[in-house]
Structure formats: C-alpha cells, structure tokens
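So that you can tell them apart, the chains are marked A, B, C, D, E and F in the order they are listed, and the count of residues begins at 1 in each.
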Amino acid sequence: MPQKTKTVAKKRSIPTKHAPLAKSGKGAPAHEDDVKFMALDIPRGKLSESLTAYFAKCEEKLGYVPNVLRAYGFDTGKLQAFVDYRQELVQNAENLSKLEIEMIATAVSSQNRCFYCITAHGNAVRQLGGPVLGEMMVMNYRAARLDKRQRAMLDFAVKLTTQPWEVEEEDRARLRRAGFNDRDIWDIASVAAFYNMTNRLASATDMRPNSVYHGQAR
Amino acid sequence: MPQKTKTVAKKRSIPTKHAPLAKSGKGAPAHEDDVKFMALDIPRGKLSESLTAYFAKCEEKLGYVPNVLRAYGFDTGKLQAFVDYRQELVQNAENLSKLEIEMIATAVSSQNRCFYCITAHGNAVRQLGGPVLGEMMVMNYRAARLDKRQRAMLDFAVKLTTQPWEVEEEDRARLRRAGFNDRDIWDIASVAAFYNMTNRLASATDMRPNSVYHGQAR
Amino acid sequence: MPQKTKTVAKKRSIPTKHAPLAKSGKGAPAHEDDVKFMALDIPRGKLSESLTAYFAKCEEKLGYVPNVLRAYGFDTGKLQAFVDYRQELVQNAENLSKLEIEMIATAVSSQNRCFYCITAHGNAVRQLGGPVLGEMMVMNYRAARLDKRQRAMLDFAVKLTTQPWEVEEEDRARLRRAGFNDRDIWDIASVAAFYNMTNRLASATDMRPNSVYHGQAR
Amino acid sequence: MPQKTKTVAKKRSIPTKHAPLAKSGKGAPAHEDDVKFMALDIPRGKLSESLTAYFAKCEEKLGYVPNVLRAYGFDTGKLQAFVDYRQELVQNAENLSKLEIEMIATAVSSQNRCFYCITAHGNAVRQLGGPVLGEMMVMNYRAARLDKRQRAMLDFAVKLTTQPWEVEEEDRARLRRAGFNDRDIWDIASVAAFYNMTNRLASATDMRPNSVYHGQAR
Amino acid sequence: MPQKTKTVAKKRSIPTKHAPLAKSGKGAPAHEDDVKFMALDIPRGKLSESLTAYFAKCEEKLGYVPNVLRAYGFDTGKLQAFVDYRQELVQNAENLSKLEIEMIATAVSSQNRCFYCITAHGNAVRQLGGPVLGEMMVMNYRAARLDKRQRAMLDFAVKLTTQPWEVEEEDRARLRRAGFNDRDIWDIASVAAFYNMTNRLASATDMRPNSVYHGQAR
Amino acid sequence: MPQKTKTVAKKRSIPTKHAPLAKSGKGAPAHEDDVKFMALDIPRGKLSESLTAYFAKCEEKLGYVPNVLRAYGFDTGKLQAFVDYRQELVQNAENLSKLEIEMIATAVSSQNRCFYCITAHGNAVRQLGGPVLGEMMVMNYRAARLDKRQRAMLDFAVKLTTQPWEVEEEDRARLRRAGFNDRDIWDIASVAAFYNMTNRLASATDMRPNSVYHGQAR
C-alpha cells in the first residue's frame, strides 16, 4: 500500500476558511442531536494519533467535531478512509469552486431528504454564497436564478441522483456546451455520487447534524 | 495521517479466491467495452508505484485490470482513496459474508440499472453463490427464495436505495429481529451506500465492464 | 350574503403573537425577491379600504406585507376571499394548535418543494416550536421525534398530498386512535388541502417569499 | 372587513345555465351517496339566512344541494368562505370560458383520482362541451383532439398538479405562445390549484357526489 | 386459419345478454371516433368466412362492430387469434362472474388511462352492475364499497398492473384468505394481464371506442 | 379444440434455428425451478393430441418444454390459444427481425422486472445477437450502442410499458422518421403489449424459467 505523503495530509481541509461563525456552539447546553448523534450503538475502537489530533483541531477551531466524523470514528480505519476519499473525490475537484461543490451536495441531499446532509451542506452554501442561496438549494434548486453553467451542473447532479439510468451522452454534451470539460464532468459526477452515498449512510443510521449548524450564516 | 499497515494491505482482496475462471480474457480479441471503457477523455497522470504493482498483479492473476480501476486511474490519489475506501467500507464488513456483500451490491445496482456494476457484481454473486442466484439478484431479488436474514438485508438495502427518506427505526428493528447487530446494520448500510455512489459515477461516465465478466461462472 | 361580523374580523390573525422578530426587515436594502415577487405582470386594481388598512397594519407591525398578499392584491375581491378562506379553513381549526397548523403547512409544502411556502411556514414553525423543529419540517418531517398524535397528523397530511387517491377509512381510523375527533380530521384535511392549493399557485407564478423570513427565529 | 356587495352576490353562479337536466334527481329513491355524503360525523351548526336561502334555491332549481356544500355546511362561516373563494378564484376567471374552467377541474381531479370531483366536473364538461369530451377529461385528457390553446392550458394544469416543483418560466412562456396573457396564467393556475385543494378535502372525508350527476348529459 | 367448430363458436360471447341498450348506435350520424378508429393506416386483408359472419352478427345484434375488432381485422389471422385468446383467457374464467371480469378490466384500464378500454369496459360494468359502480371503476375503484372478496381481487389486479415486480406469495395468500382458489388466482391474473396488453395496443394506436358506448346504461 | 392445420403447425417456431446450445438441459439433475415451475396448484386437464405432439417435439429438440407452456398446459384450450396468439401477434411481425422481437421482449420484461421473461428472452437475444447485447437488454437497454431505428423501437416499447397514457402521435411520428411504416408500428406495439401481459401472468404465478436458459449462449 502506498504511504500517504505529507502533501496529501496538508491538503485535507478543516473548514476554517469559512466566514467567521455567527454563533459558536461552544459552551452552549447540548442539543439532543449532539449527544445521541446516531441510532446505532457500536463499540468504539481507538482513534489513530493523527485522527485524534484532527478531532482536537476541530474542537479548537470550530468548537465541535462534525457528527459524521464522530459516527465513523468507531473504527479508525473507516474514518481515515472516509476523510481521504472525501478529500480526493470531492474537495480535489479541479475547476469547481467550493461553493459549487456545496451547491451540488445540498441539492443532491435535498432530493434524498437527508436531514444530516441538507443541514450541514445547506450551512456551507449559506457561508459561501449567502443565506438565500442556501435556502434555495435546500428547498428547490430550481428557484435560484443561476447562470447557464451552474444550472446545467445542478440539473446533471439531480438527474444522476433520481434517474441515473437515464443519464446518457446528451447529458454530458449539455455540460460541455455549458463550458465544462471532461475532467469537470468527472468531478461533478463524483461529488453528486459521493453525497448519494453519505445521504444513505446518514439516513440508515439516523445520523444527526451538529445543532450549531442550524443557526450559522443566517 | 495514519500509515497504512501491512496487515491492512494484505486484507485488500484481489478476487483470486473465486472459482477458476471459465474463460480467460487473456489473448481474446478485445471487445469495444475493454478499449473505450468510459465516455470521458481525461488526461492521465502517473500511477504510484504501489498501484502500478497492483495493476500488474491484476493482469497476472485475472488477465485484466477491472475497468473501474482504469477509470479512476487518471489520478493516482483518487484511485488510491477509492481502493482504500472500498476496502474499509465494503470489504471489512464484520459479519457479512463475501456473498452477502455481492448480493447487496448487485441488488442495489439493479435498482439503479447500472450496466457496469450489475455486470461486475452479478458475476461475483455467480462465482460465490451459483449462476441462478446471480441472475435473480440482477433481475429481481424478490425471485430468490432467501432466508429471513438475507431477505431483510436486501429489503433494507433496496429501500435505502429507492426511498432513503423513509428509512426509520422500524427498518433497523426489522434487521435486528432478523439477527443483525448494530455494527451489521452499519455494514449493510455502508455497502448499499457505496454502490449507490459507484452506480452513479459509472452511469455519469458510461463506464463499461470488462467484457470477460459476461461469460464467467455461467 | 352573510355580513362578516366584527367577531370574525377580530379573529383574523396578523402574526403579532409570534416571538419578537430577531431581525426586522425594515430599512434593509431590498432583496430582489421583495421587489419582483412574482413572475406575472398583471394590471393592479384598487384595494378596498379595509384591505388597505390591513396592509398598513402589516407594515407597521411586521415591517412588510407578506408577498402572497401583494400577489393576490391585484384584485381586491380575490385577496379578500383568500384572507377570509384562510381564516375560516386554516386558522379557525378547533383543536389544532398554531404550531401544529404550521407544521402541516411546512411538511406539505416540502413535499411540493414550494420555495415560497416552505420559507414562510418554516419560519412560523421556528417561531412557535424552535429552530430545529422548523428545519426538520422543511427537510424531512420523519426526522423529528414527534409524539404519536403529531406523527399521525403529519403522516395523514403528507399522504393526502402525495397519494390522495389512497386515503381511506383506515387512515381516518388511525387519526381517531391517535386522539383526534372527526372535526379534527376535517381541520387537518383542510389545512393540508389549503397548502396544496397555495403551493401550486406560488409555483405557477414563481412567487417569492419576503427575504426577511430567512433570518428570523434562527 | 369589507362588506360583500350585492354585485358580488349576484355574480355567484347557481349552475342553472346548463342545458336542461336529462333526468331530475327529485323524487327518486335516494342513493346511499346522497344520504351518507361524507365519512365524518361532525356536529352541525346553524346556516346563515343567506346560505339557507341559497340551499333552498338549489333545491328548487336543481332538485338537490351539491354534497360539497352540505359537507361544508356544518359551519356557516366555512361554507360562506368556500363559496366566496370559489367565486373569486375560479368563476371570476377573466378570459377562460366556463367549459375551459370545467375541463381544468376535471383533468386535475382525474390526476388525483377524486371520485367526487371527477363526477361533478365531468358532468359539467358534458353539459357544456358534449358527452365525449367529458369522458375524455375523466379518462385521459390527451385523448381529446384539442386546439393548441386548450392543450397548453391542460398540460400546464396537469403538470402543476403532479410536479408543481418543476413548473418554471418555460411553462409560462408556452402558455403565452398559445395566446394567454399573464392574467390568464394566474387564472389557469388558480383553477388548477383550487381543485387540487377540493380533491384532497373530498378524498380525506370520502365525500360522495350527488348520484344524480352520473346520469346527466349522457 | 383453423376452422372454429360450432362448439367454440357458441362459447364466443357476443354481448347480447346485457341489459337492453338504452340508446342504439344504429342510424345515428357517425362520431369521428367511429370513422377514424385508429391512428395507423394499414392495408387491410380479407376476413375469413367465420369472422365475416361474426361481424355481421355484431352489426345485427349490437348495431356496430366493436372498434377493437375492426382494428385487428386488417389481418384475419391476428383477429381470430385475438378473439380466441380473449375467449380462453378472459371469458372462460371459472368462478369469476361476468361483472367481476369487467370490474378488473375497467380498474386495470383506469390505471393505464386507456381511453378505449375504460370506455368499453366501464360500459360493461354499468350494464352488469349499475351506473354508479361503473363510474367508480373508471375513476377510483377504492371509492366502491366492495366486499372483502372483490376488494382483494381488485387490489391484486391493480398491484399487478402498477408494480408487478412486487407481487409475491403474500399477495396470493390474501386472495386465498378472501375465498379464491388457485385456479381463480390464475383467472384474475389472466384477466388483469390481458387488459394490460390491450390497453397498450390501444394507446399505441390511438384506438377509439365506438361512440355509442358513452351513452349506454347511464 | 380446432385442429391446427399442417401449415399453421409449420409456422409455429420451435427455437431450433438458434446456435447449438452450449449446455444441454438433458440428464442434468433438475433445478428446483424446473420442478416447481409456478406457485399455483391447479388441477391439470388432458392436452390435445397436437399439443402433446408439440411438447414431445420440444423435449426432443430442446431437451425441455418451456415452463410457460407447462404452466398454461393445465387447460389445453388456454394453451392452444396462447400459442396461436403468440404466433400471430409476436412471431408474425412483418418487418421486425427475430432479434428485434426478442430485444423488445427483454427490454419490456426488464422494466417489469419479470424473472421468467427476462431470463427466457435475454437468452434468445444472446443466441441471436451475442452475449453482451443480451446482457444490455436485461440490465439497461440504453447502454447498447444501437442504430437510430432500433433505439427508436425500444424507446417506444419501453414508454408504452411504463407510461402508456403518454404515448401520442409524436411517438408514432418518431418511429416513422426512423424508417418504420404503420404496420411496423402495430407490430412493435403488439410485441411490447404481449410481453406486458406475459410478464404479469408470470409475476402473478411466480412462474420459473427453465434453469437451462441461464447457461446458454454465454
């Protein structure tokens, strides 16, 4: 197995570049979703040193560890693989902006009505694109007055979510006409596919978003 | 970042334990699906040494590199993350048999009508559970006369695929009544969720299964 | 025609009993949704005196006139009929709390993915039931940990929204078992039916919620 | 509250302009649907004088009171609001013919499979447009050989019924190209939305159409 | 063409046992549906002697030849096979009454929104079971107050129409509990399956029902 | 039973022209699907002489009698009508090749997820068009790189299967533009309609395909 290089490790994003949080979760009385963050009771193993440090950095910078990480964290190998995969497949998209990635994540999660993911990524869209855009991604992305590029991107991601069997060459051609290259198509598909996965893991386990998300960037 | 241990590396499965392949893909005139294995044209980077070795081992043992790996292989980081994630989330399931994992993969992929994944995992079910079971997973898993445990497992995986928003405590309770523990529920959900991801990436890119799969274990 | 009595007039709610608004819309630079609040360009007639007064009271107490009223307001007769009908069919529900009415409105609107109505009624749920409950109604009402009564109420309202042709005696029986009487069933049905109407009028006209809603009661 | 003027009262239509009824309901032995006209048992209040007179006029001119009015009639305020709202939102459509309004009502109700509303409005289409057109609206409006205007009108109304979240500017543009102005779009949407409401109230309460409708205008 | 023996010919039902037709189609000015009865223009071959006689008997007894027979009649072999198959699969049902067969035919056709078949079989239900039952089968069979046997029969037929892939042993068991034996289950399935075929042939060719049906048995 | 003339008997296809079977079913230990080939227990009558001979010829040439014939065979009249109807409606298609008929049969059966029919007709496509084409028809016909004619043919057949109520003149026009005449449209519709019937009869009775099919033409 290839050893992970430092370079890769550095690229892993802790969402610190977001606008300063409006309301910290620190010190607040815990919401039940922060205590019982999933419906499964699984014996918890020991986190690796690097992941322990990662959690500590989250606590320090954000005031909380995202519950999805706590959920995966019963097994350090699974958590590490999740973090790496998300980095590579989602965050390393070449030409998609951070906002565009979060728009896809939210629109996809809205189709699947995943409470965890809509909450977390809707928050990210609000932080990066403003509160009204965030709400539109949550409720009905068609309500947003998007340019041709972003509309084509979301139409593709949503069709891939609801009728993947009908995605064909014409769908890719429309993305190309909207200015995307083939690598971008891979990236859009990767992001949409990734959240179709996390939506289902979250729904299967009744995963709960950190309550602090609800109030941020409003 | 945690260093991958040798132990983990050893657990990574190259599907060699399968029954001897009925027809080798080696030397056969290539099917078009083996040449143009996806609809995207993306500049290809250099594979890491370990992945280069992994590809060589595939060629040696199987006579081919699975096209999904060739597709991801334009970027060594993405491919490595995919291989690791699949190992951790799918193949490290604690109490699910290899056959059960492939049954979930095939039934999920059938719902999403993903040509690549139905082909590849339908083949795996045939290898591990016989040709008729494989065909049932491909066509309609309800046709199989399964025991209570496996039927509950597939009902959960398929509901998670088609209506994830309706998965609730009663669905988990049914799995528990069928003999699964909470860790197993996580594993079933992980496998179903993982293939909901790969189905969509394959459909978005018109990924093509190695043609050799079609004739195996018939 | 019966003359509307003063008593009825007094019952008409201007939503002043809500918790004090976190952020007033007054004086803020207008969001485009507040300017172009629907996609139709219809000649505007003169409002009756009483409705003119009603608008003034909205401005005074809320800082804005809800856009749905401005949209209907091209015709004073239609607006008056809408306000009366909403009063009688929705707000005069006998045993449903204001919160329960808003929960139904939001869950129904979420099924129909109506940007206007999810926004307006999601805000109302937040005001009356707290921010997290509001978000759950917006995203997936099944995520809320409701008592038997409220869950039965929402299941009925949502089924009536998505498959009204399958609502039968057993559905009414379940409401009765959850403690509702026949008048309550009428009221639940009325509220759900009413928002199935407004959702469609809003979607047909691309009606836009007052932007101030987005930030309230977070 | 605005006082309803005589003018408005006069505009309220009792369906007397319809072709002479082929078969009167008067004196006939009652069908069970005329006796038990809804599944809810709600204490009945006193009708206002004007509504009492309205019911008497229905009996005199039609030989029956439409069951939807009897159903609402447990509460005089609700009934009055319903009658007024229907007048303003449906019957006051500016440029839609009575037949077109009933075509929308029937096509919408057919999508929702509402026994009451399909029966009542299918009858009205037969009265105004002939028996075969009525049956087509009931069964599949696409079977009717309509002109471009009426086809666009029904396509819009039906899409608004089944996928309101996908109604966008292009849908309005198609109506405009078919000759409708923005006020007409409001009216088409209002009528479609109104029957999406009554369909659901009727289905929720198992409301039964007056049996006399079935034989009329055949 | 094999010659049908007298025995078979006698079994073939010309719907003469129906209640006397309320309105004959004879002599009436033809409705366009009676002239252009399908959208395909296919060269017409010569009918066999026995089928020519069959058409003559239809004209004599009914005043018209059902348009489905005229449609198939471009090829005498196809028509004969259709008539025989309908006789064997539908009309030779052992324990289903003629009314029950027509109820299944109408409820199935209503799901598929087939103008031809809903019209023809809705008429038959009216003739055999009264006008209101006919309308219920057309609009929503759930509105009919059926006994346990007939409700189970229709639920099975409709599920087989809309989700055949989910029909399993429990569905057959429910029919058995309602008093049906295994031969009856075959017959119910045959009738439902047959009309799923004719619905699609009629929809594909825009087949038009004889206009006389619309007015009968009202 | 009418006696089939030699002429008709000769036209009836026993699939002997297929490529030599890779694996005979003869002598092999029976799979459970070959023993209990449907879930209904119906008293079996006596087969006509000609059908007895037909079964014998199947045994001799194929090594088995197709289970669908054994299922119908409880009643010689039904079986004969089925065989004749299939001959006339499916096999006598004028300009469709045998392969095209089987492609329609398989794509339709795949939509309905019918284990029996996908298996039997998927096998036929493999025999006539190669193993990969067969698998594509089973899994997702859109994965096949078809010419305009065959793609239009399958799109029509699948739409007729899933949304027959939306098939209109434009759908027929597309077939004509792809080179089909009106008789061909009838034939395509007949084949698609026929398998919509058999799919449902097979699903209703849990009919099981001969196990030998699974291994053929791989």
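General observations
The criterion applied here is as follows: contacts are C-beta pairs under 8 Å (C-beta built on N, C-alpha and C of every residue); 3 or more make two chains touch, one makes a residue touch a chain.
Predicted model only: the values in this text are computed from it and were never measured.
Contacts with subunit B and subunit F are shared by A, E. Touching subunit D and subunit E together: C, F. Most remote chain with respect to subunit B, judged by CA-atom centres, is D. Homomeric contact subunit E/subunit F: same residue numbering on both sides for over half of the interface positions. Ranked by distance of CA centroids from subunit E, the top chain is A.
Interface matching across A-D, B-E or D-E places the copy of B-F, with more than half of contact pairs shared by residue number, at D-E. Put simply, the C-alpha centre of subunit A and that of subunit C have 31 angstrom between them. With centres taken as mean Cα positions, subunit C sits 47 Å from subunit B. With centres taken as mean Cα positions, subunit B sits 23 Å from subunit A.
Within subunit E, residues 113-114, 140, 165, 168, 206 each touch two or more of the remaining chains. If you check each pair of chains against the touch rule, the ones that pass are A-B, A-C, A-D, A-F, B-C, B-E, B-F, C-D, C-E, D-E, D-F, E-F. Against subunit D, the residues of subunit F that register as touching in their complex are 165-166, 168.
The residues of subunit F lying in touch with subunit E in their complex are 1-5, 8, 39-43, 74-75, 77-78, 80-82, 84-85, 87-89, 92, 112-114, 156, 160-161, 164-165, 167-169, 172, 182-183, 185-186, 188-190, 192-194, 196-201, 203-206. Of all residues in subunit C, only 31, 33, 110, 113-115, 118-119, 131-132, 135-136, 138-140, 143, 206, 211, 214-215, 218 touch subunit A in the complex they form. Of all residues in subunit D, only 140, 142 touch subunit F in the complex they form.
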